[in-house]
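Following this line, the structures themselves.
Shared between the two complexes below is subunit A, which has subunit B as its partner in the first and subunit C in the second.
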Partner chain A sequence: MPDAAAAARRVSSWRQFKAILRKDIVMELRTKEMLTSMSLYALLTLVVYQIALSQSGSGFDIRLIAAGLVWLAFVFTSMLGLNRSLVHEKDQGCLEALLLSPVDRPVIFFAKSIGNLIFLLIVEIITVPIFAVAFMSGRPIAGPFWMIVLSGLVGSIGIAGVGTFLATMAVNARGGSFILSVLFIPLMYPALLAAVAGTSAAVLGGPGYVDMFWRSVGMGAGIDAIMLLAVYGLYEFIVSA
Partner chain B sequence: MELRVDKKRLTFAAVIAGAVLTTVGFVLAFLVAPPVLADTTLASGGGAMIGGELIANPVLFSQKIFYFHVPVAITSFIIFFFTALYGLRFLMTKDKAFDTKARIATEVTLVFVVLTMITGDLWTRFEWGKWWVWEPRLTTYFIMMMLVIVYFVLRASIEDEERRAVYAAAFGILAFLDAPLSFLITRLVPSGNHPVVFKVGGGLDAIQVTTSVVALLGMLCLGYAIYQMRFREERAKERIEALKASLED
Partner chain C sequence: MTGDSSPALAVDVEGLVRAFGARKALDGVSLRLPAGAFLSIFGPNGAGKTTLLRVLTTLTNPSKGSVKVAGLDVVADAVELREKIGLISHNPLLYPDLSAEENLLFFSEMYGVEEPATRVRELLAAVELDHRRFDLVRTFSRGMLQRLSIARALLHRPEVLFLDEPYSGLDPHAADILDSLVAQVREQHTFVMVSHDLAKGLELCTHALILAKGRVVFFEPRENVDETAFAALYRSTVGLGVA
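For the complex of A and B:
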């Protein structure tokens, strides 16, 4: 039965994907290292915001900058998490083993990206309510809640995808986390601007905010698509270099 | 061999043409091209509104800087395209020469980007009264400058030659994709309060267009010449290194 034998030898991409993703999640559940450090970092960012806003007075409407502040916290925590997720792979020789095994490179990329996306989303789910309670009390958001979720998702997908790619480069460079941040911020600029604009429209409301929201989210999704396609095409070169 | 001689001649010709054309462009800009008059219908007492700012002098002498600024900016975009193009060629062929070409192209881009930033800033200072405004073109340009600088930071942080070339090529391609996206997003998702951009293309007459085109051609020639000369220098360096290595063996 040559077909069955071939099928047994060739594990499907989907199963490879699941195996890598499972490995990341199991490792995280055992060590809980990434989630704790990322959440803690996000909380400390909120403390820094408190310091920054401490003299702004009670008349200051935090909603004007709320979306920006939240995204800023996500950017910093995601850089921390992205760096850690690839440093683990490198330190323990896991990346090399993955490259030696007959796994398609794009599968590695997608599995790592989805893993990072899941961790980022968990941190976001922890951070956003705390931010809302700590800074937004008495100032309700104008748009429906799903708008916040949707713009958050679009922005996070971009961060996780491009970030995983850049983190793979950064672990092989001197001064890894520094390199990641200087590569990440200018390259993510358009995606982050779209994300902040989308979330801000939902928070602030005002005339025509639905239109503004869809335009921002649409742009964000388009930018995600272009960047992810490019990164997907280039990942094979990066990871084998 | 013949091709190389041709390239040398071409570079020389480009230097001469660049020098002549940019000089002619300058002379035209200052002596011939009439200034774009500010829209005085918006004026309140002799001044004019440009970019949401009240300008005291309706005849704007400082706009001459545009005959330098715009050609330099366009040239920087064109050269940056070659960073991405050579990066792509390198990834396809793994030929080291393309890596060198991409690096030199990025160096030349940086020169032109910095020139654009300086001239652009002079403009904003004199016409908008501010050194810096987060306005779509300026923001995009600032991001592009960061990307170009970061390209070299990335290169400097990787020791392995092969890996450095691959990473730099990949980053160059991404950075080139990023620049138009930044422009698009700052345009289509406007922030609350940014000034309306002064439109250069609005009411230019023939002589103004000619001046711009002459200056642009000059800048392109200069860009090409700088690129070629830097590339020849780098190739000579690489050949010497290769010779040294073969002597040691």
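For the complex of A and C:
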């Protein structure tokens, strides 16, 4: 028997992580499949908001519901995009090829989650300024902008992690396309609540808004950590079941 | 059940059961294959051939039993084992939106192949795809995809090569290239091939196995195989009766 180690050496998880992430970014930049569909969907959601709020009158303070509206758009947009994120791995058996390589399953999970997080953040960067111009002109946010960024990041990490996990389940299960749609919101409920509360505190301000912000962001980060640890432990089982 | 009892076993399976709910896709499979052998696995659709291959390649965990490939347990030593095995499937297992070279370089990174650029060039030349190395895989014909898939499987010089219906859908030229590549690396590798093609499978193998309803109904070294009786047994398992 030939010595496989002569041709191949034990590769580090970090190197494999970078290879998967780079591959996903190259493929997405080449096809623009996720970014285009997610951006369009987010913009269409804003158009629906415009219609829904068209009769609300000039006295209505959009800031009261701005955080909820923005996160609603992100949730539905990410459900669409994340469902696609694992589908190209299924084409021509690519996921099997990836699983056949000497890589710890959590490395695949983290690489795909970070890739999805990057794509989601890009869509958010496109969507938030459009939302601000369309709905919040003349109504500035109360808190500093970094608060919006931080609450957005904490919420997006949870969405990308849980979404990637559910998308993997979906591609491995018969009729799996419903899994993401049905399980995503129940699983994300506490994290989304924290993200909306944090963003809302930054937008509305008022007495004690900084405390409220940190409490919400801290809770969101804690929920992210718990969910990501749970998903980390379950990923091997999901892909080998 | 018989088989070679050489101490250097490439595949050592004992009492393998793989159940999906109440249904047993593999029901007490046992086999021992010496290093350097070529095993051809035959059986009707639904016999459990693909499930057996998935368990041997660590893609599916066994429900019960002990399974070792290249001396490593498919569950406990899965990551280490994956460095020693390769799979050529009827599915190309390649990214359509990457070029041929990008695909092989990506998998070189995953396997930690030394001097990846040189190895990729060498394999692309071997499968006669050097001139298409910058082209996206989605533009390739079925035969070209299969040739590139062979290159991907050989990239890290695996000890045990699994072939899942590798000749399925190949044009004669691609089949010749596959034959030639198998012949080139035949001496250094153990092969496990799933096939419906009796003639091809028996031509290549040192051991033949028939699987039916998740059980081994025949497993013998090639020299003990009477082709007529073997064909009759195979036909009976696929529901055609004895010829």
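To be clear about the criterion, the second predicted complex is superposed on the first by the 228 of 241 C-alpha atoms of A that agree within 3 Å, B and C clash if a C-alpha of one lies under 4 Å from a C-alpha of the other, contacts with A are read in each partner's own complex, and residues count from 1 in each chain.
Criterion: contacts are C-beta pairs under 8 Å (C-beta built on N, C-alpha and C of every residue); 3 or more make two chains touch, one makes a residue touch a chain.
This structure is a prediction, so every number in the text was calculated from the model and none was measured.
Once the two complexes are laid over each other on the shared chain, residue contacts for A:Ala97 go to subunit C alone; subunit B is not touched. When the shared chain is aligned, subunit C comes close enough to touch A:Lys23, but subunit B does not. In the superposed pair of complexes, A:Thr45 makes contact with neither subunit B nor subunit C.
Within the superposed three-chain model, A:Thr164 lies out of touch with both subunit B and subunit C [touch as defined at top]. Contacts of A:His88 after superposition on the shared chain: subunit C is touched, whereas subunit B is not. In the superposed model, A:Asn116 lies in contact with neither subunit B nor subunit C. Of the two partner chains, neither subunit B nor subunit C is touched by A:Thr77. When the two complexes are overlaid on their common chain A, residue A:Val11 makes contact with subunit C while staying clear of subunit B.
Subunit A residues in contact with subunit B (one complex) as well as with subunit C (other complex) are 241.
Subunit C contributes residues 8, 10, 35-36, 57-61, 70, 79-80, 82-87, 89, 91-98, 102, 106-107, 109-114, 119, 145, 152, 156-159, 188-190 to its touches with subunit A in the complex. Contacts from subunit A toward subunit B in the complex involve residues 162, 169, 172-175, 179, 182-183, 185-187, 189-190, 193-194, 197, 212, 215-216, 219, 223, 226-227, 230-231, 234, 237-238, 241.
In the complex of the two chains, the subunit A residues touching subunit C come out as 1-2, 4-11, 15-16, 18-20, 23, 26-27, 30-31, 88, 91-94, 96-104, 240-241. Interface of subunit B with subunit A (complex): residues 91, 143, 146-147, 150, 153-154, 157-160, 162-163, 166-167, 169-171, 173-175, 177-178, 181-182, 184-186, 188-189, 191.
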